[in-house]
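These are the structures, in structure tokens.
One chain, subunit A, appears in both complexes that follow, with subunit B as partner in the first and subunit C in the second.
Take a look at the complex of A and B:
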């Protein structure tokens, strides 16, 4: 038992394993939708509006190849945030799982890291499936595309950690619908997923630069198109790492406040 | 059979179900207001951002700017989404978890009145959103024809059809897991029901499938009105939606009665 406390990371691993065991019962539903949704998206755009965009030749690549990595990154973001709202909230307020965990040798940091690891894992599974579907549609143009997997994991961490901090401060579940509508959906619509942000008015473009999703989209797109330029990629990843680091500190503090003090 | 049932409906009792919803939502106005916000964002992002990439699309023998083509479809999609989320997620919660309907049916309210009351509330809500959205379209210059005003009642009809179908569908759902399927149905219609492209852009084998979806008929009506292309076929599309209303109501009332009455 003392070994479990002493070894850093061991506790988090146990928490991660706990969430994985629960997921064994429900994985089929999520795997099904994480396979079907990109399929619907890519087929819908490919069969339909993509043809009209391609006639205009404004993008330099076919629209499907432009759109797919964007939707992939957006999927990573939406899974990360979805999994950080009700699932985390219920463990504070309804099931009180976290209270139970604190009565074992686990520390706050283990609970936060273990839960975050599970969220990142969920995003990784969905994004991997998405990448395979993309390949089947011929939208993977380079071996660099494998790099979207760690990129999406970092993006998921950058989005999930601050959401954890937010969730830990909530005492009803009503703000989650508001967060989805006023933050998640606007971010997805204006972060360069569907069209280059150069088309946005200058004021809105600044907001897109701030959004972690835009940075994730830029990296994923350059990787699947096989056109990564290293300095910008490092800059984008650094910005995401900053979100993740600040988010982690905030999440840890908010969890401590909620559970201990 | 449904007509005899409908004759026995008391507007006062169905109205009581609506009134309950109004009372509950007096506190949740932020969530209500956010319903206006979302379609506006979609319109700005997809219509204007994507529209610049698309340029013009062919419609009824002429070419129209993409935002003008897409906006009435978004109006129909919004009516569908509002109706389906209300009558699936919210109704399921009330049916299975809050056990609200057990309490309601212990009063003189009948299952059909309950279904009509829930749908009435849903239409009042989505009708407001549709009106606001249509006003916005007009402000942005996306409604070339004066007939566009009729797209408002059309949106309410679309909402009615999906609310009735949604109520019926909800009575078959077993747990929250099944909502994955509801989301997929909504997503498929959103992507493939002629919202983003004219029917002619689909391969020939896919067209009859597109024509099966209620959303396709809704989009055809709102788009025709907004662009001022009226023809008799619109009555056929409207009849399809009315058929969906009747079918949904009939199934929902029967199933609710069977599920809830001892």
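Take a look at the complex of A and C:
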């Protein structure tokens, strides 16, 4: 099984292309909302809340510059998870398109990798727009900031792959709302997006360390502030890569169970 | 069906399709199969033509060839005028035809059809049958499962009757009828409540010499015989007066019911 993951064929490319065709119809709407969302965040919370926070001079940087890379990473996560729930579920349960794909030379690994590549691409489009808005707000302080794009892609993969695995085990769509409310939202609140996790009690801080989002936020923030330190960055990226790798294996196994046996 | 389609591994024994081992050559076999699954698995958001071209790409067919084939196949299933509309609003019969077109996009050597016309109206069924018959004429091997005996009679050169996962009979439709039924069937109704009960038993006894076999159902008696008209005349000669008489040819349905029984299998 791992060998199959190591050697994806051209099939994954065809699956990626298939998802792009569907995206062609909706890309304008999603691009617009991925432009609007950072605008609202940066203008509303960044400038509004930031005005208060900056009076305390606790962060070492202005609040807007602190917040923006955090929300950028969180956007990568939320797109990755959104695209891995209903969209994946409907292809199992409602449209049954996976079944159609399996009647061709495509293999499970092609289906999983091709669609994950699409999810990562979706996240890339959104964070690219976000980065441009950030630049317009003067919150990009270094050329290193370009590095947030591959970082957000890795973060998206680290979140999407295990969610694919989860979705493949679901036989109703009722758990997705629960996942959003009790996993995605708390993770976004306690992963250092809005405030440094040093604020958290020690027990909760451990949860932040476990969350892939915190690692993504730390890297993105150090890059847009222009203060990356290499060993921590590599450590964070390594942790995300671990999530991605384990997620891929789990997703492959779950798809196999659902579709083949 | 999933095993022959090389989606699920064989649960026991060995399976060879088109001369290849299903356990080891899944993708190679699938590249030469066309599959019409029981439930359509079309992308309802895409257009008809896109459904075909995307599917063709999964087989590694070049874009231009895929486009040409899509146009040709849409014509074949009489959907050419809808090529650029979405799948969503299509009727069941149209979706079925599109699924059949999709199964042909790789010019398969073998087409698997799982209940291809279940749920379709008569017009749509006949159109599907006619197209499938044309494929057969072109030399494409069709393997189909169906509960409709008229469908099997229309399309199959050779058929097997399965009961609870076992083959109970095998042959051409006419062979099976000759072997397991009579040439004709006379259906007699008597306006009695329960012909399968004691009242019917008497009638059966009286009619027994007139047919090869008699089957008593709650609402009618079936006389299996080679000459229905002669049997009807003989019934009248014995001054037995049914409320209605129907003489018909024996069908595969009679064979199927005879072989697998009339009890409901759920």
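Observations
Note that the second predicted complex is superposed on the first by the 251 of 261 C-alpha atoms of A that agree within 3 Å, B and C clash if a C-alpha of one lies under 4 Å from a C-alpha of the other, contacts with A are read in each partner's own complex, and residues count from 1 in each chain.
Assume a contact is a pair of C-beta atoms (placed from the backbone, for glycine too) under 8 Å apart; a residue touches a chain by one contact, two chains touch by 3 or more.
A quick note: this is a predicted structure, and the numbers were derived from the prediction, not measured.
Once the complexes are laid over each other on subunit A, subunit B and subunit C both fit without any clash. When the shared chain is aligned, subunit B comes close enough to touch A:190, but subunit C does not.
Looking at the shared chain after the overlay, A:182 reaches subunit B, while subunit C stays out of its contact range. When the two complexes are overlaid on their common chain A, residue A:174 makes contact with subunit B while staying clear of subunit C. Touch counts on subunit A: comparing subunit C and subunit B, the chain ahead is B. When both complexes are overlaid on chain A, the residue A:136 reaches neither subunit B nor subunit C.
In the superposed model, A:21 lies in contact with subunit C only, and not with subunit B.
Shared-chain residue A:52: touches subunit B; no touch with subunit C. Judged by the touch definition given at the top, the superposed model places A:44 against subunit B, while subunit C stays out of reach. For the three-chain arrangement built by superposition, the Cα-centre angle with subunit A at its corner and subunit B and subunit C at its ends equals 90°, in steps of 10. The least CA distance from subunit B to subunit C in the superposed model is 13 Å. Listed in rising order, the residues of subunit A touching subunit B in the complex are 26, 29-30, 32-33, 36-37, 40-41, 43-45, 47-49, 51-53, 55-56, 58-59, 63, 174, 177-178, 181-182, 185-186, 189-190, 194-195, 199-200.
Listing the residues of subunit B that touch subunit A in their complex gives 28, 30-31, 34, 37-38, 41-42, 44-46, 49-50, 52-55, 57, 66, 177, 180, 183-184, 187-188, 191-192, 196-197, 201-203, 206.
Per the touch definition, subunit C reaches subunit A in the complex via residues 5, 7-9, 26-28, 30-31, 33, 35, 37, 39-46, 50, 54-55, 57-60, 102-103, 106. Subunit A makes touch with subunit C in their complex at residues 10-11, 14-15, 17-18, 21-22, 25, 95-107, 259-261.
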